[in-house]
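Paired with subunit B in one complex and with subunit C in the other, subunit A is shared by the two complexes that follow.
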Partner chain A sequence: MQRFSVPLLLALLFGALVAASHTGAIDLYIQSVIMFIGINIILSSSLNIVNGYMGEFACGHAAFMAIGAYVASILNVLLFTKDKYFGPPLLPPELSLYFFPLVLLAGGAAAALAGMLVAIPSFKTRGDYLAIITIAANFIVTSTIINMNAIGGARGFMGMKKIIFSMEDVLELPWMLIWVILGTVFSVWTIRRFVSSTYGKGIIAIHQDEIAAEIMGVNTNRMKLMAFMISSGLAGIAGGLFAHILGYINPGSFGILKSTECLVMVYLGGMGSLSGSVISAILFTLLLEGLRFVIPWINTGLHWLHLLPDAYEVSQVWKWVIIPLILVLLMQFRPEGIMGNKELSDIFPRLKRWYHFK
Partner chain B sequence: MALLDINGLTQNFGGLCALSDFSIRFEGGELTGLIGPNGAGKTTVFNLTSGFYRPSQGDIRFRDRSIVGRKPHQITGMGIARTFQNIRLWKDMSVLDNIRISQHYAMGYSLWDALARTANYDRAEKKILRTASEILESLDLTRYADELPKNLPYGIQRKVEIARALSIQPSLLLLDEPAAGLNSSDVQGLIQLIRWIHETFDITIWMIEHQMAVVMNLCSWIKVIDFGVTIAEGTPDEIQNNPDVIKAYLGDDNI
Partner chain C sequence: MFESIVQNLFNALQWGSFYSLIALGYTLVYGVLTLINFAHGDIFMVGAYIAFFVATFFLATLTSAPGWVVLTITLPLTMILTALVGVTLERIAYRPLRRKGANRLYVVITALMCGLILENGNLALLGASRKSFPEMIEKVVYTFGMVSLTNLKIAVIISAVLVFVLLQFIVTKTRIGMAMRAISYDKFAVPLMGIPIDAIIVFTFVLGSSMAGLAGLLYSLSYPILDPYMGALIGWKAFIAAVVGGIGDIRGAFLGGFLLGFVEILVVAFFPSTFRDLIAFSILLLILVYKPTGLFGVAKTTKI
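After this line comes the complex of A and B, so read on.
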């Protein structure tokens, strides 16, 4: 029974969400929030492999997201749509539904290859130097895209909405929601299986004492390569999903700010805690969305109290004051994050009776 | 065929010659000591043997194959395991996991097996668990299996580190000052433990030790270095009466 409780619960949740979206019981806005939660779960849990479990400090996660987003989008547009640059579709558009997971994986694979390029310097350096290298990688990726006019450069790239339409033509379902949920489950499950195997725990050994790991027989270079590739590959999948939800991407969406959001989620949830990453991604997304409503309230409230000059409006930019502030407070009062390096089942051992997740 | 054959090993750190022209040869089955005053270069010998540094000069052959230039994890896989002068366990991971992770040298499954949880994965993980449990059992550490090393007394940590090295089933075990920081009753236990390991497992032990009682008690052959230079070697009796050794340890004035 315990073995099936998690899959069963997930299947129920999945069915309920899809049904509710399909019938219109939850509106498009709520659906998009759910999808962004999924994407943020993939981003934070995948970054947690490198920054949490392995204890490196990689700050350019959005670069891999960008690569996955562009590769998946370009492939889809090239294969299944009529585009003014790429010409007529190479394959019948209705096939896009079946090819979608493959295209996502191709984006992930491209991102994983890029991850390899960051992993190699990590053989020799760590700490601040690696942080700088990853930030540089983030800039290299975004500025490369900006300078590639064939894929839209700084203006961005679009046409992915047509893919969604052709999927809906085959069968009228909220496809993006379905893909995001499947992608999220796939990512969390991959990470869980990796870090709970004796093999994957090699990266935790690297975190706790790299020299001891190497001397006790862990091939540290290979483990680092693997950790970086899984981490960036999953970020690439998140990017592919992100691109198709929005239908439009531009390099600006994958800058340092996005990478910082990923970092915030990892440290908010707790380094080396998968449940922490999931919880923090949910909270963080809800917080971001919540501020959309709260900031105008604050604005009206302060004006009503005559605390603000009439000419000044509290705008959404204040989000970027409030969120870092929360982070500062968190680091002050709970530096280990919400979950520390524990999992839900460590904190509530009774849960173990109900589920068995592997 | 010699088990280990070190020939003319020299290590320079910048201008400092930490070790010069060091040679030793094990046929297999010995329990040998390496002693010398602080900073003599003892740990450097172990760091070179385990592949942590690449020697400036000289050769290290293990079972007739040169191991110079190989990665530490490869050397471990060939059968050389070690402990550290200042314990280097993975302190936030259970004792059992410490031992399990040390089985990386013979993992038996791939990343794909881990992700797909194949039959191969289950089999290999079972074997790893069995090996780890057996080693904990035989060193009487089973009750600490789920503890974190950071919460254990120093003496137990030392023992866990030895267990971790043994779990690799090495043919050569390097112990770097295993008695450092132990109280006298723990030291007695350690002497018995090392003797027991040497008799039970088919293993060659090479140990660095400051406490003369330990080395004199255990080792049948001892090598002494000072400032990186070998100044004496012989049986415990010969070493104890060697004027050069006494001079190195006590200084000129005391003679």
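After this line comes the complex of A and C, so read on.
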């Protein structure tokens, strides 16, 4: 029973969500919020491998997301749609449904290869110098994309909506929701398998003491390479999903601000806690979307109390003041994040009776 | 050809001066606390806005006074007020975390968040319209053949050099500088020697932030359009410059800033300007790969 409770719960949730969105019980907005929660879960838990478990400070996660997003979208547009740059489709559009996971994985693989570029300097460099390498990598990736006119440059790249339509032509289902949920479960499961394996414990050993780990026979260079490649590969998958949800991407959406969001989610959840990353990604996305509704209420409330001059409206910009403020306060009262470095079952030991997630 | 090289050289020196002035602030705080103060770029932005408000206030009240009088009032006032902002951040955000002994990375995240608050708070309070900085001193153009220099350009370069000399003097020759270096060696032994550690840290923030304020004033005199996000990109770049120089070392930050300025101007001189970030960062990355601790950084040896 223990072994099946988590898969069963996930399957139930999956079925319920797909059925609800197929029948229209939850509207498109809520569907998109759910999809963004999934993407943020992938992003935060994959960054947690490097920043949490391995204890490095990589702050260019959005770069890998950009690579995954662009590679997956270009492949899909090239293969399955008629585009003014890439010409007629190379394969019949109906196949896009079956090829979609493969294309996503291809995007992830490209991002993982790019992750290698950051991983190799990390053999010699640690700490703040590595942070700078990742920030520079983020700038390099976005400005490379800006300079590539064939894929739209700074104007962005579009055409992914057609893929969704051709998938829906084959079978009328909310396909993006399905892919996002499957991608999220796949990523979290991969990370969990990786860090709880004997092999993957090497990255935790690197965090504790790199020299001691090396003496104990951990091949630190290979572990770092693995960690960076898995982390950036999963970020690439998240990017591919992100691109297909929006149907339009431009280099500006993968800037340093996106990387900052990823960092925030990792440290909010706690370094080296997978369940912390998942919880913080959910909370962060809900906070981001919730404030969209709360801010107009605050506005009318303050005007009603005559606390504000009539000419001044509380705009949505305040969202990006309130969220950092909440985080700063949270850091003051709970500096180790929501979960610290513990998992859910460490905090509530009784839960172990009910589930077993490996 | 020769003239255009010299012209570009001076442009590069000017850009490098801005980067240096900001990078010096990063490196001072890092040298003492090993904290990357990611809010520093936004403190620069706040400095520019403070300069704007102070300058417009005094231009409106002292209508008869000549521009240089207003500038001499604005300069120290901007530096003091910006320093106040930096110290406030240290006092309310970083110090409690330091007292609790939180992981260094959490302090870095707090700094990032403070930067976002400054940026977006500014945007929310003052609105998205760009402010244009008032002209306080007459622009004088000196022309030597094809090379033209403005008095402002010369002032920017000279003040960057002066600030560097001053900071280098403070850090290496004075007692307070000795205390700053001592804190970076051993944070736990220093209070036992009777050194007021908090006061020294506040002094470091005063130095760094007032230099950012100076940079903000000079920048907005040279490029008189202000917007809330102006500090973000220049701050990240200055941080990269500081790291390439070897973070924690005053000389490193100074030279790193100028290096970045030169690389950027040279790239723009030969390539389309969209390639600026791409090539500049690739060169800096290569430098870091070959010299992982930066130009002046000393590799830390760990004893087993």
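Going forward, the second predicted complex is superposed on the first by the 358 of 358 C-alpha atoms of A that agree within 3 Å, B and C clash if a C-alpha of one lies under 4 Å from a C-alpha of the other, contacts with A are read in each partner's own complex, and residues count from 1 in each chain.
Rule of thumb we're sticking to: a residue touches a chain if its C-beta (ideal position, glycine included) is under 8 Å from a C-beta of that chain, and two chains touch if they have at least 3 such contacts.
Owing to the predicted nature of the structure, the values given are computational and were not obtained by experimental measurement.
Student: On the A-aligned overlay, A:G217 touches which partner chain: subunit B = first, subunit C = second, or both, or neither?
Tutor: Once the two structures are laid over each other on A, A:G217 reaches subunit B alone.
Student: Scan A:P335 for contacts with subunit B and subunit C and give back first, second, both or neither.
Tutor: second
Student: Check whether A:T260 is in contact with subunit B, with subunit C, with both or with neither, and answer first, second, both or neither.
Tutor: Only subunit C is touched by A:T260; subunit B is not.
Student: Spot which of subunit B and subunit C makes contact with more residues of subunit A, would you?
Tutor: Looking at subunit A, the partner in contact with more of its residues is C.
Student: When the two structures are overlaid on chain A, which partner does A:I140 contact: first (subunit B), second (subunit C), both, or neither?
Tutor: A:I140: touches subunit C, not subunit B.
Student: First (subunit B), second (subunit C), both or neither: which does A:M226 touch?
Tutor: Once the two structures are laid over each other on A, A:M226 reaches subunit B alone.
Student: Contact-wise, after the overlay, does A:T198 reach subunit B, subunit C, both or neither (first, second, both, neither)?
Tutor: First partner only, subunit B.
Student: With both complexes superposed on chain A, which partner does A:L325 reach: first (subunit B), second (subunit C), both or neither?
Tutor: A:L325 contacts subunit C only, not subunit B.
Student: Determine where on subunit A the residues touched by subunit B overlap those touched by subunit C, and list them.
Tutor: Residues common to the subunit A contacts of subunit C and of subunit B are 211, listed in rising order.
Student: Which bits of subunit B are touching subunit A when the two form their complex?
Tutor: Listed in rising order, the residues of subunit B that touch subunit A are 50-52, 71-73, 76-77, 81-82, 84, 88-93, 97, 100-105, 107, 109, 111, 114-115, 117, 121, 125, 128, 164-165, 168.
Student: Which of the residues in subunit C end up touching subunit A in this complex?
Tutor: Result: residues 30, 34, 36, 93, 96-97, 100, 102-103, 105-106, 108-110, 112-114, 116-117, 119-121, 123-124, 232, 236, 239-240, 243-244, 247, 274-278, 281-282, 284-285, 288-289, 292-294, 302, 304 of subunit C touch subunit A.
Student: Under the touch definition given earlier, write down the residues of subunit A that touch subunit B in their complex.
Tutor: 190, 193-194, 197-202, 204-205, 208-209, 211-221, 226, 341, 358
Student: Spell out the residues on subunit A that touch subunit C in their complex, using ranges where they run on.
Tutor: 51, 57, 121, 124-125, 128-129, 131-133, 135-137, 139-140, 143-144, 146-147, 154, 211, 256, 260, 263-264, 267, 271, 314-315, 317-318, 320-321, 323-325, 327-328, 331-332, 335-337
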